[in-house]
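After this come two complexes, each holding chain A, first together with chain B and then together with chain C.
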Partner chain A sequence: MPLGNLASLSHFLPELAVTATILLLVVAHVVGGNRQSAVPAILSLAGVGAALLLTALQASVPAKSLFEGMVALDGFAVFFKALTALATIVVVFLSMESEELAGRSQAEYYIFLLSVLLGMFLLSASTDIVMLYLSLELVSIPSYLLAGYLKGGGRSTEAATKYVVFGATASGVMIYGFSLLYGMTGSTHLGEIGRALAQGEATTPMFLAAVMVAVGFGYKIAAVPFHMWSPDVYEGAPTPITAFLSVGPKAAGFAVLVRFFYTVFATPDAASGAWVLSPGVDWTALFAVLSAVTMSVGNLIAVKQDNVKRLLAYSSIAHAGYMLMGFVLLSPAGIKAILFYLVVYLFMNLGAFYVVILVANRTRSEEIADYSGLGSRAPFAAVSLAIFLFALTGIPPFSGFIGKVYLFAEVINKGVYWLAVVAALNSVVSLYYYARIIKVMFLEDPKDKSEIAVPAFPRAVLCLLAIPTLVLGVYWEPVIRMAENSVKMIAF
Partner chain B sequence: MGFIDSHILSLMTFLPLLGGALILCLPKGTDNIVKIVAAVASFLPIPLAARLWVAFDRTVGGVNVANQFQFVEHYSWIPSINVEYFMGADGISLPMLLLTALVSFLAVIGSWGIKKQIKGYMALLLLLETGMMGVFASLDFFLFYVFWEVMLLPMYFLIGIWGGPRKEYAAIKFFLYTLFGSVLMLIVMLALYFNSVNPETGGHTFNMLHFMQQSAHNAWLKDFDVRILLFLGLFIGFAIKVPLFPFHTWLPDAHVEAPTAISVILAGILLKMGTYGLMRISFPIFPDVTVWFAVPMAILGVINIVYGALCAMAQSDLKKMVAYSSVSHMGFCLLGMAALTPAGMVGASFQMFSHGMITSMLFFLVGVVYDRAHHRDIDGFGGLGAVVPVYTFFVTVAFFASLGLPGFSGFVAEAMVFLGSFPVFRTIVIFAASGIIIVAAFHLWALQRVFLGPLNPKYAQLEEINAREIFCLAPLALLTLYFGVNPMPILNLMSTSLIKLVDVVKMVI
Partner chain C sequence: MTGPADIIFYLLAAMTVGAAILVAILPNIVYSAIALLFSFAGVAGLYVYLSADFLAATQVLIYVGGILILILFAVFLSNRISDVKISNPSRFHWQAAFICLGLFGILSYTAVSTAFPVKAVLSYQPTTSEIGELLMTRYLLPFEVASVLLLAALIGAAMLSRPDGGRGRPAEMEEPKR
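Moving on, here comes the complex of A and B:
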């Protein structure tokens, strides 16, 4: 039975910690005004760190439904809360180092960032349509603000505007789908909707609802054809925010996508531990095609990019395509593969963006051409970036390879060979553009020979991102076990 | 000796990597120390290889029987999906391990003259050696795949940073081609994983030897059409590495642009991984398809022999000529293997070993003249025999070895290939024999244009080959000659396993 509101509070500590930190930041903003100081950043780190610890403590708590069935506390939610909190911590480090953000109000920035985090916490745990929509908007609205945080910069403003328009449209379509579901079943609770649909017959509104909801979530994870916003937003937004959007909200988008479709349009099969489709909507076929198209479009367009941020934007579209493969298989191993991939993706993608920030701080450029000779100008940063890029390509002994192996493995296990072949060929294409950056860094002579110094603190952070990228490529047993245990979703 | 003996393959694999890591820790401006560390780290596998040579029991086969493998190391790596750290050697892999140890060390010595970023160069070269050793020592497919791919990164940088004018193009072409083959291999590996079981535990496995137990395959994997597709997936992956026509176009580019020592490793060892993969993985796992595919393989082999030789004849760049001659020689390996006779199989394996030494010599020699003249145009020399007699002597030895003159190991290998394959594919082999003539022709023609005739006055002061270069060449020349006269030591090493391999493949018909 779902817990009542008061009883739920003791299981809501991570969210409360983030909320308290947001309030403290508001106070800090009032007290400190727009002065430059490290206080908001450190406060955020402490708050998110505390939330991460509290989340870790929830790992061993038996699954519960909280707040009269609005929010779930299960392995799946705990995993995503930990993942997004970790991503936020890294992004705070990125933001502290970024010179784009220097000179702008610090406290406000972190208030928005932590609001997104709170939204992601709730989004990955929502089990009710209303809660789900609210938390989705809690993720989206501060994201719009963050994308436009470089006020006065044309690109940043354009990014934010585009983001708002696309986001609002997608939300509108999605909520239309929600209303259809409510109309058909008379409930807002995911579990109840799912049970009602599983017993009912296939109807056109049901199909429409599935497609419309897919639009909303597809937008969040930037799946083709709902990806149009992402390259412009990614290019225009401050780089730490680009990094954040490509990992945090994308992960939360996957969380809600999986939870929603696996609860509403499929029912768990107790005997095999897998899921069975509800009648009427074969959304797995739909998403399988979407997955193939997403990775192919992302990779093929990335080949033509000359701006590193844009290139990474398209590459992150492609990675969403890879992860979608795990989503269409209706098996715990498929979900496990997504979860594992998100972990390795967090380190390698944030790492790549971190180097982009460090380089841009000095060169004021994000053009690939300006990375020439980085191997001799900033060997440490260049080697780190090479590690992250090879990991993104999926070459052993880096962690990205293992992530791909698990995705491919489950696709092959389910016999969807065409998808495996498409994904494999996509890996080859992706090598071409990732290697282009590496080529420029190591194979070309620098135009400007001056050294780019990387101070000790960024070095340490880079190590913190590079070491897991290497280690998870050689020994990943604990992480895969953790992912395996996090597949459990509840739906009361 | 206990620890060394029980971990000999791991030591051979990871000592170079350790040396590479050590090199990266050295401060700037210690180029000589870097070179010495690299030389030591790449030398250490040689005594270990000697130990393998002495201790190897030549009477047991291996191939698909776990307890017939020697120097085995078997540990659990990732228990949840049964990935194992499983290394071992048999007569198929042992000659390759010996070759890798020798050629890698010589390549380090041959790189002594590298000026640019020697630290990175040596570290990558040693990483490459680790990858190569690992490929030849692994018996777990996952482990094999990891080592197979690990080689790509250093190779990409070694060609891309230290290469010639079109190095970037050559490096990425090599990388893309090989990765294309690798991802196909990855899919096949995963398909094998899910459709076969470990007979002892009933769980899925990446152990190659379990894949070879046909009884461990499930119904899907017993379907012949499926087996053909999976075999072809692996075949393309390996064919790109060999490289077989029509997947060979990366090779001339990579060779021409790569620095000398890297060409040596590329031709001397990397190409052999393709044919080794066929012997180690494709043939025993899919024996029925192997028999079905034997004729196409033989035809591809002959196309390689003749086409490679004709291309070599048409080259004006000495290095490109040698590169195409590799394409031609690797064709013999394929022809011998496709015959599925003991003589053919042993011939193919011996050709891999012998060509590894001969082609290494050739690329070293091309490097010697390029270092001095700064070009490799065959027609741009003339009469060098009078100026640099010692160099001419070595080139003559290497060319004669390469064209298959009796007395050199190449002759023994090719003769065995013909002996083994003629009874099986008569017409095809007759075409292959014509390749021999072309091979002889372009070698002699090149020899004539470069070393005979009137002296080109530009090169009247050409510097003679130096001691370090002779140090790289002499062991190879002596071994080629020795195994040409007395091939039995090597043949004994490999024949038990290869005869068993033929039995394993033939058993199904």
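Moving on, here comes the complex of A and C:
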């Protein structure tokens, strides 16, 4: 039985902490003088840190359905709450260093950031269509504002506008899919819809609903063909936000994708522990193709890019493609592989963006050509970036390799060989463009020989991101066990 | 079995859809906005037929009364609205029409061919108290989360309309570019 509203509050502390921080930030904004102040950033760090701790305390709590069945408190939700809170903390560090954001109103920026975080918390836990849609919008709308935060900059405005238009269209299509589901089953609760669909037989509207809902979620994770917005948004948005969008909302998108499809269009099979497809909707074939197309398009277009931010945008599309491989397998091991990959991806991707910010602070450029000789101008940053890029490629002994091993192993285990071959070919392509940056950094002579100083604090943060990227490549046991324990979804 | 109620229903549906088509194809954006008014009003009428009295009233108050007026204001405040090229530059792309017609075919086929579970008898009872109760019980969490969303949107609107110097002065109007 779902808990009532009052009884649920004590299991809702991380979300309450984030909400309270948002309100405190509003007060800090009203008090004023926050353009130069670090108060909003520190306040957000404290708030999100508290939320992360409170989430960690929930890890051992038995799974519950909260707020009359609106959200679930289960291992899966706790995992994603911890992941997105961690990503947000790193992004706050990134934002404090970024010169793009210096001198702009600070409190508002963090209000939007934390609103997105609250949305991601709820999105990964939603078990009701109403709640799900609302939290999706809570992720989207502040994201639009963050993408356009560099007001007056043409690219930032373009990014925000494109984001809004694509987002509204995807939402509209998704809502239509929801309405079909509601029309067929008469319920907004994911578990009830799933049960109703499992008893019925295959129908056209069911498949149509699955496709339409996939449009909405595909947009959030930037899967091809719903990826059109992402290169422009990633290039135009302030770099910390680009980093944030490529990790946080993408992870939340995966959370809701997995929870929705595994509850509504598949039924858990108690005997084998895996899932069985609901009759008629063979969405796994659909997503297997989508996965192959997504990684191929992302990687092939990334090859031609000359702007680092744009390159990382296409590479993040490709990574969504890799992760989709685990989604189509209907097995706990597949989901475990996605969860593990998301953790690894968080460190390596945010790390890469952090170096981009540090370099852009000095050179005011994100062109690959301006990275020439970075190895001698800023050795520390260049070596860190090389680590992150090698990890993104998936070369041993870096953590990205282990992440890919788990995904590949499960695909091969299930006998989907063609997908494994496509993914392997893609990894080769990705090596080319990641290695190109490394080549420019270390083998080309700098145009400008002046040193780029990296202060002590960014150095420390870079270390904190690089160490997990390296360590998870050789000792990943605790994280994979955590991921394994988190593949527990409930739907009452 | 066509009574007067059915005839009015079909008139309302025709008004909703017809006005929506006009919104898309009219050359001048002001005309589009006015056509949107009829589409919204038609939807309100359809809600009445579904015995959703509260939704019908909300539709009139918020969409017809609020959002549409805002759209009109936004249109009137922008430059060169009567210029057709600016108003609706993306009219009549045959590729788009082709895709839309295909989608229309699929969606309408699904809507007609599916046996949706339908309520046998529709009783026209007031729904407001029930909605109020649900908002305070089952849907309390979405209700509260919506307030956070609105807060963020409100602050965002303030941020966007403020000039970069940022002391709360109204945004300066840009001169129209010729």
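Heads up, the rule we're going with is that the second predicted complex is superposed on the first by the 489 of 492 C-alpha atoms of A that agree within 3 Å, B and C clash if a C-alpha of one lies under 4 Å from a C-alpha of the other, contacts with A are read in each partner's own complex, and residues count from 1 in each chain.
In this text, contacts are C-beta pairs under 8 Å (C-beta built on N, C-alpha and C of every residue); 3 or more make two chains touch, one makes a residue touch a chain.
This structure is a prediction, so every number in the text was calculated from the model and none was measured.
Q: I want to verify the contact counts: of chain B and chain C, which reaches more residues of chain A?
A: C
Q: Contacts for A:A222 in the overlay, against chain B (first) and chain C (second): which applies, first, second, both or neither?
A: neither
Q: First (chain B), second (chain C), both or neither: which does A:G186 touch?
A: second
Q: Counting only touches as set out at the top, which of chain B and chain C does A:L385 meet: first, second, both, neither?
A: neither
Q: Thinking of the overlay built on chain A, is A:L346 touched by chain B (first), by chain C (second), by both, or by neither?
A: Touch status of A:L346: no partner.
Q: When the two structures are overlaid on chain A, which partner does A:V130 contact: first (chain B), second (chain C), both, or neither?
A: A:V130 contacts chain C only, not chain B.
Q: Once chain A of both complexes is superposed, is A:I111 in touch with chain B (first), chain C (second), both, or neither?
A: second
Q: Spell out the part of chain C that touches chain A in their complex, as residue ranges.
A: Spelled out, the residues of chain C in touch with chain A are 106-107, 109-110, 113-114, 116-117, 137-142, 145-146, 148-149, 151-153, 155-156, 159-160, 164, 166.
Q: Hey, which residues of chain A end up touching chain B in the complex?
A: 390, 395-397, 401, 405, 408-409, 412-413, 417, 420-421, 424-425, 427-428, 431-432, 435, 439, 442-444, 475-477, 480-481, 484
Q: Can you name the residues of chain A that touch chain C in the complex?
A: Those in contact with chain C are residues 5, 8, 19, 22, 26, 35, 66-71, 105, 108, 111-112, 115, 118-119, 122, 128, 130-131, 134-135, 137-138, 141-142, 144-145, 148, 151-152, 176, 180, 183-184, 186, 203-205, 208.
Q: For chain B, which residues count as touching chain A in their complex?
A: Per the stated touch rule, the residues are 77-81, 145-146, 149-150, 152-153, 156-157, 160-161, 167-168, 171-172, 175-176, 179-180, 183-184, 186-187, 190-191, 193-194.
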